[in-house]
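By letter and in written order, the chains are A, B, C and D; residue numbering begins at 1 in each of them.
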Amino acid sequence: MSDQKVEIIDEVTVRFAGDSGDGMQLAGSQFTNNTALAGHDLSTLPDYPAEIRAPAGTVFGVSGFQIHYSSSEIKTPGDAPDVLVAMNPAALKVNLPELKSSATIIVNTSSFDNKHLKLAGYENNPLEDDTLKGYNVIHVPMTQLTQDALEKVAISTKERERSKNFFALGLTFWLFSRDLTPTLDWIDAKFDGKPKLQEANKRALRAGYHFGEMKEIFSTRYVVEKAKLKKGKYRNVSGNEATALGFVAAAMKAKLELFLGSYPITPASEILQELSALKRFGVKTFQAEDEIAAICATIGASFTGALAITTTSGPGLALKTEATGLGVMTELPLVIVDVQRGGPSTGLPTKTEQADLLQALYGRNGEAPVCVLAAATPADCFYMAIEASRFALKYMTPVILLTDGYLANGSEPFRIPDESEIPEFPVEFRTDPKDFQPYARDINLSRPWAVPGTKGLEHRLGGLEKSHIYGNVSHVPENHEFMVRLREEKIMNIRQDIPDLEVVYDQDADVLVLTWGSSFGAATEAIRRIRKSGKKIAHAHLRYIFPTPKNMKDVLERFKTVVIPELNLGQLARVIRSEFLIEPKQINKVQGLPFKAIEIETELNKILGEQ
Amino acid sequence: MSDQKVEIIDEVTVRFAGDSGDGMQLAGSQFTNNTALAGHDLSTLPDYPAEIRAPAGTVFGVSGFQIHYSSSEIKTPGDAPDVLVAMNPAALKVNLPELKSSATIIVNTSSFDNKHLKLAGYENNPLEDDTLKGYNVIHVPMTQLTQDALEKVAISTKERERSKNFFALGLTFWLFSRDLTPTLDWIDAKFDGKPKLQEANKRALRAGYHFGEMKEIFSTRYVVEKAKLKKGKYRNVSGNEATALGFVAAAMKAKLELFLGSYPITPASEILQELSALKRFGVKTFQAEDEIAAICATIGASFTGALAITTTSGPGLALKTEATGLGVMTELPLVIVDVQRGGPSTGLPTKTEQADLLQALYGRNGEAPVCVLAAATPADCFYMAIEASRFALKYMTPVILLTDGYLANGSEPFRIPDESEIPEFPVEFRTDPKDFQPYARDINLSRPWAVPGTKGLEHRLGGLEKSHIYGNVSHVPENHEFMVRLREEKIMNIRQDIPDLEVVYDQDADVLVLTWGSSFGAATEAIRRIRKSGKKIAHAHLRYIFPTPKNMKDVLERFKTVVIPELNLGQLARVIRSEFLIEPKQINKVQGLPFKAIEIETELNKILGEQ
Amino acid sequence: MSDKRVDVPELTPKDFQSSQEVKWCAGCGDYSILAQVQRTLPTLGIPKEKFVWISGIGCSSRFPYYMDTFGMHGIHGRAAAIATGVKLNRPDLAVWVATGDGDLLSIGGNHFIHSCRKNIDLKIILFNNRIYGLTKGQFSPTSELGKKTKTSPYGTTEYPFNPLSLAIGSGATLVARAIDRDPKFLKDMIDKIAQHRGLAFLEVFQNCSIFNDGTYANLTDKETKDDAVVKLEHGKPMIFGKERNKGIRVEGMTPHVVDLDEGDYSADDLWVHDETDECIARAAILSHIEDRPGFPTPVGVFRSIRKKTYDEMFREQIDAAHAKGGGDSFADLLEAKNVWEVN
Amino acid sequence: MSDKRVDVPELTPKDFQSSQEVKWCAGCGDYSILAQVQRTLPTLGIPKEKFVWISGIGCSSRFPYYMDTFGMHGIHGRAAAIATGVKLNRPDLAVWVATGDGDLLSIGGNHFIHSCRKNIDLKIILFNNRIYGLTKGQFSPTSELGKKTKTSPYGTTEYPFNPLSLAIGSGATLVARAIDRDPKFLKDMIDKIAQHRGLAFLEVFQNCSIFNDGTYANLTDKETKDDAVVKLEHGKPMIFGKERNKGIRVEGMTPHVVDLDEGDYSADDLWVHDETDECIARAAILSHIEDRPGFPTPVGVFRSIRKKTYDEMFREQIDAAHAKGGGDSFADLLEAKNVWEVN
């Protein structure tokens, strides 16, 4: 055994990067599982290559997975990695600019041959010139070592090569003083029935670990202590998973069946995929011929009494616009999830952005108000899916739930709520034919939900203006104005159910940071750092965008300066200006990438300096 | 001859109303032609029954046509008719609430039988009870008199009956001391080759006229003097006609061929219909399978060098949303006309509204800015179509032109401009392959238009983010932000070409009325009346909504109060708040009907009272 | 629809008439379709509340307002998509679609062909008047080549769709045709589609008395109709003509019109209609047969085959998953993957 | 496309290769299609700048980026609609569409059937890999019933489209099929659609090596392919099999596979392929023939007929209107109706 020293650190950010075919997502997710089981708080972010597989070895084909974990609460997958595992030259090239200045880089030297260097666009071998000056570079011929370790396993050379991700994982585990057992168990389970693959991957994992132990290549090993998480059962969830689970939970709470009409689109497809596998919960998933059919089928299902939802991304939301208006007019409950991605048009389909807010709020013909919500973190998607469902059902209205590519693919530990933690909101269908009128109103201004098959409640809905109470087609001018205002008022009534906007940190600060959606994480981290530096600052996060919380105006008026960081050119800022007539300062980024905490920190410090 | 007196009046509003089958639109348009030829200024508005033909004789089937004409300049078809010609009980019932309190009502008593009274929902005959107290009611058995007059024409009873609209027209002509000649000529031309119908209609027209002359039913005849219109040739145009003509003119000025891809929808279909008949101008009209195909074909035509436009109404604009984004990304010139109608959803398809403004501005995924213009009057549609084309071509961008159902169907005299009055804006296609780059920029930030078929300029466009200058697909984060901002800046550059916002009337008033779109007419009339009453008030009309005129901020800040009347819940007001951080007062109406001058006048007077 | 017919109190056509005034033009063929539907539904043994009528936008799409059943007047072109959601969520309902040639075949074409392909149990009645009625007279995808309309003042330059051919090519399991002016036959066809399990498509030639009057005159005028129309009957030879003296014979794949009076051929030599033939060739020939000079236009059931429906398979999967247990608790939902505990 | 071929400097496949790196997965069938297109276009006598390639979204829809011609990578499903605008505005261009089974048949179905119906002069190549490739493996409208994919973990419950049958039912004037792994034949088919005037639809069976590998293995594996595929050749009997000893015979409307070695039938007794038959029955049978047990899958031109194209008629109308004069001045435009003068 060597005399390498062990250092205890608070948190660390590790990135695995290699070619699409190198199994980096697998390595990353196994590292994540192991980390979770080790009791840390964590946040992860995969970085897929832009949507087409590129020729192997090129920079276009680089696939990455980043994990940030810590002994205390964590909000982002980390700004800049402390450790990079680079499986080939292209992975090094792509990720180098992202690293901390003193980062450790573990390179798979086996792949730094002329061919791969050229594919990556390196003229000289970066391992041999000044490129990596200042970094702590660890040379490991991983492919070779894996081949050696698996010599005795009766599989092909190609199959042996494939196990090199487990070698890399093992080596990284050693570096962070981790227990291999959960991962070994996972391999056994995953490759059940394929003993040779079990054998190969376990050997590779151990070989990596032992390589760390035996060779004097690292001067230090690290240990991150357990995080003090709230007591309970946990699992890791990505935003898309959490969204899917949230809707199933909502259906249980509403005592309805869940119907999803959807058309695949990056980065929303996983919600459809997850729900397609949950048929045992009675979930009905309909993969439609297009987004229009998807939402129309959803409207049909809603008419007949399902908790009916449709999921998409920006271009798909654009296509659902007209039918959303039908949802508004027929006053049927409906949730539309928009997992935002880089726009306009096809834009940057695999990248994240927050630029569909105005479309969600205003992108319909006529006066067609709908409720708009936005989730803050991957796990929050679960709760916001339930909120969206609750509002849709209670107020008989379409609700748009905004998430984004970053939330969708990123993951974090999710404390599994007990069934009793979430209140029920059972739906009452109208069944009594006595005095039934399809457009009569309850105290919330909601109309009754009377589903086909119910005797005596036969009625017709549709997109033409409806007469108050009776629901017949009406061209009466005054009725139209009345109904337009009534629909608006009904949506405003949702305020009753919206919690107050909470201001955290320094209530007496001059500056309030107002965030929405996935900027929550980076902003929280930035604010933590700023407060650590002794400055005062407050934070409020807006989950309920339309209508806004009742106390919103009061909150905004309490602060000298409101700052809105968002991944667009200032869409929430525009809404705030038009709703509250205050001029917020803006921090904008439109690069297809989430905010880094440092970016928000830097801008906030500038603004604080100006105060 | 009788001793009826002749009174000279400034202006008058006449409405013809009857069953759908009664030929009221024809009577109205003939009255209009005659009025125009008599040298008056005028404004008209047809009022079609809601979109399905209703059973004859019912209130649903009433078709109306209103004309307001004057010896001075006119801006609206009139708030309340001075004269109503009511061909049946239903027409009386529907229109009575609209009339001036002392209006003259000419009723076709022949149709006030039990059957028709019942169909119209009258329990008692309104001609025999108090219903019409206070009005100047003229009883004329028109159907009978027409039959009598045509006794000798060898056509069927049914055909004879059909001529009763000409009888009504003739009678009205007499009342307003008009010359029958132009209408007699028109009948000859229209029914060329059908001598019996020529004969019948001319006889009916004359019979009506002579009836007025011979009977002592009217105590007074009226004369409206000629208006002092600007010298020149005139014709009457509806907004849809003017829009169609404007685009053909724009194509001439740009030296391009016009391509229209469209799908029929009320109230926009006439633009497609008009242009379909103009093939001799090389106009290519493609009636597509749906709105999406329509705009996509338009994009294809634009790619290949046409002045390419698409026309629709609200629900169609919703469907074009996604492809509009493609237009933004490919930076191709494109005009999208939205003839707004009552929404949301199918709404009130035959009625007018101004509620698509926010959809036009913000209804796209991602940051997808387009230029948005709005026409003020039917004839203004001609000029705004040219403006929209000019901007699209110069800035290589989609432009949305908003009109509405009221402008579309309403009509007014249009002074025919001389060819030389409208500057040319010939397009230069890129033809030189030297150093060609599809996303290089000129000083306006426009990229070159290089059309297929041009040797050496082969290149690919598309909806994925494009690299600056080269136009290749780019996922580079900084490039994306650069391009997002560049596209925004390019649209802002259009300001260079936008005239300053003009303030008319009292520059030193406290109150500025800011209008957009078709509210122009009623607001102008309201302001005229208010100023006549001695109060100060100013008016600015906004044709260029995005970007706004350079001096807009200055203008708004000059006034203590800005008032925005619009046919929605306050959409321009929202934009003004968010752009200029001022709180305008609102006058809103959402009834599927245009403003009446009196409505705006009343509200403005209230606001002036508060000052 | 469900094939278990339940005992229902006797229904009459009147039970299916809503309180809304019917607002089509005088002479519109839509009235006839409404009347025959209202006459047929009470005979099906299905409780009234189990019917759902879905439509798009168009004159024809006003249909649901006039039926006293559950219904939705949707948006233009999307009736089949809305109906799909209704049927998938509630397979026990009888889901009917009323649509026009613009609604179904122009803007709604995609949903139509996908519904046919999936064989989802919908009854679709196409009111084919070969024109856009509601928007006042533009050509539609079934308007004849060269037809002059408001948007084709020089005549169209488009070949029309053959709706039956399109439905057959898309995989529909029942395709049929009727004419508004032959109410008895129309009612038979409505009954046929009602009885079918799977996607049933009925094209009705419908006269628009305002914007396309007389487009089917040849098929409805007393003097011409018997020679211009052949009624297809399963298992019967194809005979038509005022004197029922003409027949259709098929040699190889080529159909001929023969004169039965001439003595060369008798009824036994004629093409015997087989609506159940799995092969689409017969239906394909029949759907185009009127394009051949001298041939009549067929009405009746062109093709009717039984294939498992989409909604059946959809339901079975869910039932099977249900049967395996689970699917009822939060724990089952949320604890299925890699759970750890923090104490 | 125009039938006047102009003198063009000799072009080579290289002239059609753009500077963009081709980014499909290793083993993807798209490469083969690209190669054969790049080999065919230079032989057509059309100047390079006259080609326009339009696509939607999907792996296959990246095609235009790799062609050094004018092109547009459109939005999902809308390639045919965009291409229609290109062709109508510039009938002299050769307009090609590259599209996938999701792009063309799922979201783009409506534009596809309308293009077929109108017989607009587009060449549409469908890259049919029976899967959504770009979005990583959801089922498509051509995926087999029961197929397990990311969105159908229990297997799909949908019958697939038969793209040829759909095209035929919609009125396409040329429909053909080829397989990525038979490049020579593929090139022939590309040439066939290039030569056609009117809507030419070519379905290519394309292997997605990542998400649907081997879906056509039976048709491409050395051991099975000769028995599994029959190549249609106009005017030739339908013979197939490794030993070319099997044939297809048709009796009435029923096809049979016969063994030529058994002596009962010779090549003369077989079904002679006639791609020009106006009647769609043959093409309809052929498009479904592989559903019959023991039958091979046909490739080749199923149907090829000449009908005036939409763009021709569209152009003629404008030319005729032009020829009548006018249409050149403001006065003609604005003074056509009821003008009066104010002095």
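Note that a residue touches a chain if its C-beta (ideal position, glycine included) is under 8 Å from a C-beta of that chain, and two chains touch if they have at least 3 such contacts.
Source: prediction; values computed, not measured.
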Quick note, more Cb pairs in contact for A-D or B-D? It is B-D
CA centroids of chain A and chain D: separation to the nearest Å works out as 40
Rounded to the nearest Å, the gap separating the Cα centres of chain B and chain D is 45
Rounded to the nearest Å, the gap separating the Cα centres of chain C and chain D is 29
When centres are defined as mean Cα positions, the distance from chain A to chain B in whole Å is 47
Going by residue number, chain D touches two or more other chains at 57, 73, 75, 106-107, 109-110, 114, 141, 154, 314, 317, 320-321
Among all residues of chain B, those touching at least two other chains are 279, 289-290, 315, 322, 325-326, 330, 345-346, 462-464
Contact graph of the chains (line, ring, star, complete, other): complete
As the complex stands, chain A meets chain D at residues 51-56, 58, 60, 263-266, 269, 272-273, 276-277, 279, 285, 287, 289-291, 315, 345-346
In the complex, chain C touches chain B at residues 21-26, 57, 59, 62, 73, 75-77, 106-107, 109, 132, 134-136, 138-139, 141, 150-154, 210
Counting only contacts in the complex, chain C reaches chain D at residues 106-110, 113-114, 117-119, 141, 154-155, 157-162, 165-171, 250, 252-254, 279-282, 284-285, 288, 307, 310, 313-314, 316-317, 320-321
Listed in rising order, the residues of chain B that touch chain D in the complex are 33, 36-37, 39, 229-236, 245, 248-249, 252, 257, 259, 261, 278-284, 286, 288-290, 292-293, 296-306, 308, 322-323, 325-326, 330, 415-419, 451-464, 472-473
Touching chain B in the complex, chain A uses residues 50, 313-315, 317-319, 321-322, 325-326, 328-330, 340, 342-349, 351, 353, 355-356, 358-359, 361-368, 462-465, 475, 477-478, 480-481, 484-485, 487-488, 568-569, 574-575, 577-578, 581, 583, 589-593
